[in-house]
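For clarity, chains are labelled A, B, C and D in written order, and residue numbers in each chain start from 1.
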Amino acid sequence: MMSTPPLRVAMIGHGFMGAAHSQAWRVAPRFFDLPLQPEMTLVVGRSGAAESAERWGWADAASDWRAAIERDDIDLVDIVTPGDTHAEIAIAALEAGKHVLCEKPLANAVEEAERMAAAAQAAEQRGVRAMCGFSYRRVPAVQQLRRLVAEGVLGELREVRAQYLQDWLSDASGPMTWRLDKALAGSGALGDIGAHIIDMSQFVAGDALTRVTGTLETFVRERPLLAPIQPARQKGLGGTASDQKGTVTVDDAAWFTGRFASGAVGAFEATRYATGRKNALRLELSGDRGALAFDLERMNELEYYDATAPADRLGFRRVQVTEPEHPYTGNWWPTGHGLGYEHAFSHQVVDLVRDIAAERTPRPSFADGLQVQRVLDAVERSAAKGSAWTDIPTSTEDQLSTEVGR
Amino acid sequence: MMSTPPLRVAMIGHGFMGAAHSQAWRVAPRFFDLPLQPEMTLVVGRSGAAESAERWGWADAASDWRAAIERDDIDLVDIVTPGDTHAEIAIAALEAGKHVLCEKPLANAVEEAERMAAAAQAAEQRGVRAMCGFSYRRVPAVQQLRRLVAEGVLGELREVRAQYLQDWLSDASGPMTWRLDKALAGSGALGDIGAHIIDMSQFVAGDALTRVTGTLETFVRERPLLAPIQPARQKGLGGTASDQKGTVTVDDAAWFTGRFASGAVGAFEATRYATGRKNALRLELSGDRGALAFDLERMNELEYYDATAPADRLGFRRVQVTEPEHPYTGNWWPTGHGLGYEHAFSHQVVDLVRDIAAERTPRPSFADGLQVQRVLDAVERSAAKGSAWTDIPTSTEDQLSTEVGR
Amino acid sequence: MMSTPPLRVAMIGHGFMGAAHSQAWRVAPRFFDLPLQPEMTLVVGRSGAAESAERWGWADAASDWRAAIERDDIDLVDIVTPGDTHAEIAIAALEAGKHVLCEKPLANAVEEAERMAAAAQAAEQRGVRAMCGFSYRRVPAVQQLRRLVAEGVLGELREVRAQYLQDWLSDASGPMTWRLDKALAGSGALGDIGAHIIDMSQFVAGDALTRVTGTLETFVRERPLLAPIQPARQKGLGGTASDQKGTVTVDDAAWFTGRFASGAVGAFEATRYATGRKNALRLELSGDRGALAFDLERMNELEYYDATAPADRLGFRRVQVTEPEHPYTGNWWPTGHGLGYEHAFSHQVVDLVRDIAAERTPRPSFADGLQVQRVLDAVERSAAKGSAWTDIPTSTEDQLSTEVGR
Amino acid sequence: MMSTPPLRVAMIGHGFMGAAHSQAWRVAPRFFDLPLQPEMTLVVGRSGAAESAERWGWADAASDWRAAIERDDIDLVDIVTPGDTHAEIAIAALEAGKHVLCEKPLANAVEEAERMAAAAQAAEQRGVRAMCGFSYRRVPAVQQLRRLVAEGVLGELREVRAQYLQDWLSDASGPMTWRLDKALAGSGALGDIGAHIIDMSQFVAGDALTRVTGTLETFVRERPLLAPIQPARQKGLGGTASDQKGTVTVDDAAWFTGRFASGAVGAFEATRYATGRKNALRLELSGDRGALAFDLERMNELEYYDATAPADRLGFRRVQVTEPEHPYTGNWWPTGHGLGYEHAFSHQVVDLVRDIAAERTPRPSFADGLQVQRVLDAVERSAAKGSAWTDIPTSTEDQLSTEVGR
């Protein structure tokens, strides 16, 4: 491995996403043969970066992201900050000739995402690569779903069902977090987890949403503010409440119905109030020859229904996506041994590094990320207009973005 | 049993619903102590009624439903014909002083349902009873869901998820049936199976929908006509195709989002194209203290999540609704022995007969059936207006109809 | 139907099994075309037979089973009494030229079962038929399992897993019932529910056990006696306790491992102490080309694993055995509509009546029932000898009994 | 972290277990605060150790395990070689004052395990620690099971069901591997995976097996030998066949019934022929107050049945063991995010390092490992004696070994 050229990485941000990305950069080269050797060179955080460097194994630390841009010994900038900062950092990095991995959502606003996609397209011309981090695409079962769809097992796609059900806001006495503040988070359940089901359904279907009708709801409009001092290593979704109240300015839940370019219809729900559902990202695709289903709560499995089987033995089969024949899994453990949440981040690193070395456009591209942002925006605009059907703008770049599923 | 007064029944119609209702009238008195003894007096069918009488055990047969109205020895008229005939028969029966059990949907049009509800209300004054046959309310697990909600296990209800997923139209070469012809069926998936999820969700929640936004879709607009001669005992959903084509004039699938009076939001889907799903009527209710779920494909089970349990042992529990403590089940078999589809019809007969004897209004009443019809109508109107939010009209009678769940 | 010749039935016994059999005789002819028309002529019970006749719809009642033998107008005797009475009644009925349906277990002792099988074999020569009532064979999913095995989907059978898990004795304060008294019940969990997994596994596998090693256990050796007066319509597994104690003389649970004639190995467990398992009769067969599984708690489903499918999409598929292509189901309801516990009894009646009319030997025959009894006996003898491997005697008649699975 | 004292580790062996242990040593300190800082100092392998050092991140490499014993800069020896080498290496390491982590099974023979346990006991006196690597104890769901049992949720334990179902030998044309050679592997399914269900059931129950009756079977006695040249990075369970045949000298499957000290009865099955089951380590414990179940194929879940809940809402609940309240999980990802196979190895490292620093005896101790070996041996002896019940010898050390479940 030491004979491979290095890929020197700076990570901007160091919350729980930083932990996941650090683990990916550390672990991926141990289990996959990579054409470039990632080096964990620099971590950037406004406070506590040095401690994060030590904990997560980065060689150096800085408090301003511009340090990563300015240093010559950085080849790739990995952005895991909140969405409102993505555009500025990513564009600067690309313009400085650094590859970029940017966490989803690509940005908090379409206009920002458009500028990012344009910057990525320009950078492409110079051999500089950009990827949007929809890591769930790299869950082996999700890749396997895509493979099966691409092979044609669905026949003509008619229906998509996609839900992302969580319940961490179900208790109305739970405190405010930055995720409930529109200024910081941009959006609520829609942008945070709705983005995942949009990206995953389009990726797996190999099809793009063209119009939507949607509804947003905020069930609990006031919540206690977070106490000023929080427990160490707080993991993003919890926290200790104070006596003061704050206003929730994002949606708690979103429901939308969309039309795909192929004519298929998708029903979507994203909520943080589905009591008892912890991380139920569910997808089901129904075609005239078969159906496929997935639930992130059982992420090592998929379900496949082959409608062409003999009529007396039709049924959804539970495929354990843990075998050598499945995407990525052969590099890990023997048959039947499950992977966890963070493995998808390692696979993301693997694919990105290989794309950079092969001079290919990584996917999901920034154009893909922009397209998701446009769907989110169309849902918001539809909801604001009494659920009127709202078109999702397309552009030349978008044509690219529907070529999902490599 | 012989000392109990008789309840002489005429059944109008004799398709597969007739088989289910006949079984209920025959079996219910064997397993439940009833205050009136049902007698299977007359079956009416435009053709083949005599054969049906023999097969299903009715004492007499006629070809015109008016025979049932005119005969003095009929106490109750059980209507299992297609929806376009319900209003005329039911109103005539009620006016003739006969109790009525009318299959869902109450009618094909709101106006018809309104007249029926008015007739039922008038008949009530004279001690004549009317029930709308949403038999799935009488599945033991559904009654148990309602009991748990009424007891307060959900806390504040926030979200309802309801799907009725079937796949019998998934094959585009399958032939037309009367169910795909708007003139006869009134509606497609929406009216046929969407009606069930509307009724069941309102019943279990004890809450009424007040407005909706919806979308309808017909995926396959032309299908082969049925061959003139069909196999004997054809069961309603299949059939043999001819060479000629007919036009599908109803919806294949419907998606709608609704607001309940309590403020809860419901997401609904009814489709006949969910490949691999045979009879998946699924309901999930999420509140701040718990959640409940049901799937008709596993009709002897429910799922219950108690959010107030200790944090290290929270989880959806699978309750087998087959125990003596559960509704209806103690009258059948020992612990752990499942019931089937037709048992709900027996329970419907049990409750109806007991209500008649006790001089109570049976539920679901015709007003309840009308309310479901108004929801269906609002979905259709919303879909026709680009999914605009559409109010569901209320009236004095509707106040009654929200008192679900006895 | 009225033109078909009658089959006049007398039922001996009228507990909960009597209810199930009555329902079968009443309902089967409504849903299946039968060559003989069952007539519910006589019910026999030592007390309360007249009430049972009225409740369950039998034309006449008697207190002594000999009445059924003596009457000329009885064609078939249906025996649902406890096992200690089976031999005397069945042999008398067969000798009197009456067909016999005898509930499982065939008898409480091998010697009795041998005499019954001999009587059945002699009666065969005179055109008189005998069937042992292992009704679970007639659950559609179980028949479908047998069909798939007969078709060869398992390849070479290696392993059988069979469990019958119940929990109604889990509470040590629950009272004694006749089922815990060896003098009446003959055996405990082994004979009652172990008999089912022996019969079902042999039937589905098309293979016979030849030797076993087994263990029996009685966890709770003393229980309160039943109070003298019990609630009306007590359903056999419960009851009200008195202050006095009685001794449990049967096994609470049994575990045994057996060798099939083919060389396959079976692991069996029958218990009434599997807390939370209400009626979990589970079967799994593993061969080199596939596997099949079943759980009576989800009796409308089976699971099928096709090991010859492409390696990236292998998985157990959940087949809903509710379709027209499946055994029996097309006679009942449309696609996706589940059946319940009692339907298997109707199917048993259907097959028996057709066999009688076709002059065929019904299966399971008394020889089949005897063979199950010999397996049970071998398990008991093994357990008494410190789990030593114990052969199951075979005979000419047994050769017949391994031709299971028509 | 750098201020903590180092713990310098040498790993002996570098197959797939070496990959898992390397990952654990690398990752554990990133997610858990440890009192000693593990340093990956040396890896030993008879060939290819240098490559493994580079791939898995060990500072140095050697070809003879004695190098690890002799070097002063090694504090802990981690043994992941086949079982026939464990005793020699472990005893030498302990005598040299090095802590030892030894993979399960502790040894291939009881006599070896006895010597190892004695060596560990002696080393204890000098502050040198030894742990046997039954990593599945450290799956969060398994720890949570143990917590619940210790809290008393089962009441009086009656029954244990434990199965380890794999299918990688189901295809009779699959080649020989060292795991099928008694000289190397010591035992087949029994020792390899049967050991896991013995350890896990005793650990979770907090109870020890005292006697067993068992059966072993080798379904396929001859298999193709492995071709001399195998694909790179072969993962232990597969391989390419040659034309020559070899003899399988170990068991393919094992079934045994055991008595626990408490009086509970356990039914065990370990097989590599359970077609379609990839890694189904299943455990169920039934007591008079509740039941608990687990399946390694869904390793982030457990099932809990509380028999003391109201009778109308009893049911097995599926607990997602992914919450901050659960063992280990709070150190990883937010609520609802699953872990994979290798995380249990990280938890093993965490507990071992903490025990060493706290001067506690790690569990499972070598005495625990010896006790499992004695159970395996008793099963083999029982099988050789026609399944006769066979006692499991106890000793003073064994008393220790039943104190499971810290």
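Throughout what follows, a residue touches a chain if its C-beta (ideal position, glycine included) is under 8 Å from a C-beta of that chain, and two chains touch if they have at least 3 such contacts.
Values in this document were obtained by computation on a predicted structure and should not be read as measured data.
The chain pair with the larger count of C-beta pairs in contact, out of A-D and A-C, is A-D. Taking each chain's centre as the mean of its C-alpha atoms, the one that lies farthest from the centre of subunit D is B.
Subunit A and subunit B have Cα centroids separated by 42 Å. Spacing of subunit A relative to subunit D, judged by their CA centroids, is 36 angstrom. Measuring from the averaged C-alpha position of subunit A to that of subunit C gives a distance of 55 Å. Residue positions of subunit C touching 2 or more other chains, listed in rising order: 305, 314-316, 320, 323.
Considering their complex, residues 144, 147-148, 303-305, 310-320, 323, 325-326 of subunit D touch subunit B. Against subunit C, the residues of subunit B that register as touching in their complex are 1-2, 16, 19-20, 22-23, 26-27, 30-31, 54-57, 166, 168, 235-238, 278-280, 297-300, 320, 322-324, 330, 332-343.
The part of subunit C that touches subunit D in the complex is made up of residues 158-159, 161, 163, 167, 170-172, 213, 215, 217, 219, 253, 255, 257, 263, 265, 267, 269, 271, 273-277, 284, 286-291, 305, 307, 314-316, 386-389.
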